[in-house]
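Below are two complexes that have subunit A in common, paired first with subunit B and then with subunit C.
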Partner chain A sequence: MDYRIENSGKDACVVFTGDITFSENVSFRQLLRDIEEIDIDKCVFDLTNVDMVDSAGLGMFLIAREQAETAGWRISVKGAQGHVASMLKLTKLSDLLDG
Partner chain B sequence: MADIKPDETTDFSGKARIEGSVNNARILIVDDMALMRQMIGMCLIRGGLENIHYASDGDEALTAIEENPPDLVVLDLNMPRVSGYEVCRKLRADERFKDLPILVQSASETPEERVEVFKAGATDFVSKPINQPELQARVRMHLENRFLITSLTDFMEGMKRELVLAREMQESLLPETITISEMEEQCGIVIENYYQACFELGGDLWGCWMLPEDKIGVFVLDISGHGVGAALNTFRIHATMARFKWSMQDPATFLTDLSRALKPHFALGQFATMFYYTLNYKTGDIVYAGAGAPRPMIVSDKSVRLLDSTGMPIGIVKKPDYINHEDRLEKDETLFCYSDVLVEAVQPDGSFLGEDGLVKWVEKIVSSGERKSLVSKLLWRFFDGQAESLPDDLTAVAVHRHGPDHDE
Partner chain C sequence: MPIVAETLSQDGSGDLAVLPEDWKESESVTDDPNTLDATKTEVDGETIKEPGTDGADALDAAGETEPQTREEILGAALQRWLEMHCVFDRSFSTLDHEIDIVAKLVESSTDELSILFHSLVVNAQDQSKSLDSIVEAASVVDLGDEKLTLTEVIAYLEQVFSEGILNVLHLAQTAMTLVYALDDVVVDVNEVVKHIGEIEQINKQTNLLALNAKIEATRAGEAGKGFGVVADEVRELSKDINQLAGTLRSRVDAVHTGIEQGHEQLQSIASLDMSGNLKAKNRIEGMMTALVSQNDAFSEKIAFPASLSNKLQLEISELIQQFQFQDKTQQQLDGVRTTMKVLDELSFDLAEETRNSAGFAKVEDDTEMMEVWLASMIDRCQLGEMRKRFVQGMVLKHDEEEEVADKSSSDDDDDIELF
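Right after this comes the complex of A and B.
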């Protein structure tokens, strides 16, 4: 998994590439620390280039959501397709991550 | 409450403990010259080492080592009867002493001799005349290494034993073979099942039980992540299920009860995907509710259809809105549940199978008339393409309902 943070004003977008799985735990936590550094109202996770997310990956989204609630910004996901879209729908996490 | 402070029992590589072991280490000094023995002994005692023993030639050394194995040997090379080289070779040939540190001391130091000494099995070399601080430092270093390795090996072996024990305990959470056989006989079904943890301990669990009014209940669940943390949550969830026996007849209520009870205990980011259904084994009616588990399949000899397992995983919100769905499992049909590794594991060509791919595999198996051994046929094909170990735990449970012609 790789990510790039695009930041314009109070809006940030995290563009992911690669799979988001159990083994990406460390880089995902680094991402959350990176987001913590910037002052934002809103953050969008762009999953257009993600092919796979497993249950641990979904768990990381939940952690991000909790961080957002604590820090007072909104989180949403966009661009999910194929397996990733099915996983978000199947687990109804798309409802929790709709901004 | 008293503060809990780290002590020797929690500090497995504890410096203080290693130092104590080094000071009390049993050291055997082997030299045919009494003066040398005495000098080396004094040097080590001055260096804080207290447990020194002596042998005056190779033969005596081998006997002493056999009778009372030391932690380190300081060995002279040129001795009458059995030489230092011979002692080295004999010790290294013996499984019990292959790791014993042997510190060789010799006056005639040539490059060839050094090669010969290490070839014979010496751990290290010190030159005569003895430089006292150097000898003390080398002896100490080899003893520390030895005790550290022993300590780590003991720790690892202890952990391994604990994990084996824990795995046995976890396997006892799964339905017993005898329980399954009794259910099969009473309900006119076959429960084909498979469970494998990717680590010693797993985060998957499945179970089945008899219910009133000619029904059975079957669940498959998968805790997010894997390893010890996920495994501990399988114990937690298993114990919690027992508290909600009264709601087992209603899948949506059962999942709601579990989620409500477990939400406060699951760490942030942890949850369980789950599928639970009840089957009336006389009529074939099924009622089911899903909590984000992979979509189960109803498989006949002609077709495969997917059940809706959409639902918030267990343990994320306190009041999830699970819904009961109704369906039927006809005679000669199979209800197949599985954990996500089947569709998420990487295939030899680098892709992952996905739900569509798995459905195709299932269709192929049933079209060749092998529906009744669906799980074993599927896994045979799955493992054939798995070069490495599994990336996650694997569970597969198929309930095959006997046909009308089945001989009871």
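Right after this comes the complex of A and C.
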């Protein structure tokens, strides 16, 4: 998994590429640390280029939500397609992240 | 211009009309069987018909001799009229009885039909209830203490499945949190290992210093003897520290190994490919949707005969209300009976007037002409039971009654008793 943070004022967009699975947990934690260092109100996870996400990946999204709640910013996802979109629909993760 | 002789005066008094002087009787009675009043009269050489007398065939059937005078002809006609009145009187009485029978038949048949249709209504109601219960049973799952519709069942399954998925998510989140926590622990453990290395390095230098001190103490001789003892103690202390550091290193290595194993276990917990769940959810949703669709189609098909049953029930109820025709029929039959009674009374009065005016005796016994008329009426009666009652009602002579009764029995096979 690779990621790229596009910061625009108080909004940030993280563009993911590749699969988001357990083996990416170190990279994902680094992402959370990178986001922690910038002052934002909202962060959008762009999953357009993500082909696969497993339960560990979804768990990492939820950890990101916890961090967002603690730091006071909001998180959402966009661009999910195919299998990723189905997984988000199955788990209602969009509702969880928005809630 | 021909002159027509009249049988009765216009005022109906029964007096004979005055005939012209040149009137003369014909020599014979007409042979025309279709003409009841066919006595021929010849005036001024022209033959005319005289209305108001009975048929020549009837006269022939009675076997009477030809009347020779007009008075005799009119007298015979009046006699026929009185006989006909007797037939009328008996006929009215018999027909009155028939009207009673018809009225009772209509009433009893109407009652029977009403009972049958009420039974039909009850059956239609039962059928409707049965169909309604089928529809309800098909769309409701009975759990004993509660009943759920299929929609509620599906919603419940959806909720349970979603909760299961949510639990998996929370489990994954917890596992990843632990992973991150263990990662932090690994960092700390690595720090501990690093510090142990530093302790070992310090202890190694301490041991080396103690060794140097021992050497210098030995060179100093007696003066350095005490210092040599201290150097030995320091070396012993360094050995203990080195041993303790080794123990710590082995312990920390064990912790590190345990963390790595826990990390792997958490990976197996957190890394769940949920494609199977996704497929299962889609399949369950498809099955439930199909189940609801089939149930809806089934309910719709059942609802149609149920509506027909309700419609049938309403129509039969309306039909029962239509049975009021029996009252109307009874009223019409009463009207017919009343009219017949009036005709009977008028006929009686006229017969009495005729008998009193012309001096005829009351007709006591059946004449041959009356029997012919009655037989003619009975013969034309198509229904066997009715014909028997006619025979009994008309009170024919014994032998002829038997004859007619026999004829009635022989004709029964041709009766039309059923509608």
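Note that in this section the second predicted complex is superposed on the first by the 97 of 99 C-alpha atoms of A that agree within 3 Å, B and C clash if a C-alpha of one lies under 4 Å from a C-alpha of the other, contacts with A are read in each partner's own complex, and residues count from 1 in each chain.
Note that in this section contacts are C-beta pairs under 8 Å (C-beta built on N, C-alpha and C of every residue); 3 or more make two chains touch, one makes a residue touch a chain.
Source: prediction; values computed, not measured.
Looking at the shared chain after the overlay, A:Ser86 reaches both subunit B and subunit C. In the superposed model, A:Asp54 makes contact with both subunit B and subunit C.
Once the two complexes are overlaid on the shared chain, A:Arg29 sits against subunit C while remaining clear of subunit B.
Shared interface residues of subunit A (contacting subunit B in one complex, subunit C in the other): 21-22, 54-56, 58-60, 62-63, 66, 83, 86, 90-93, 96. Residues 21-22, 52, 54-56, 58-60, 62-63, 66, 82-83, 86, 89-93, 95-96 of subunit A are the ones that touch subunit B when the two sit in their complex. Remark: subunit A residues 21-22, 25-26, 29, 54-56, 58-60, 62-63, 66, 83, 86-87, 90-93, 96 touch subunit C in the complex.
The touching residues of subunit B, when paired with subunit A in their complex, are 222, 224-226, 268-271, 273, 290, 292, 294-295, 309-313, 316-317, 340, 344, 352, 354-355, 391-392. Subunit C contributes residues 162, 165-166, 168-177, 179-180, 183, 267, 270-275, 277-278, 281 to its touches with subunit A in the complex.
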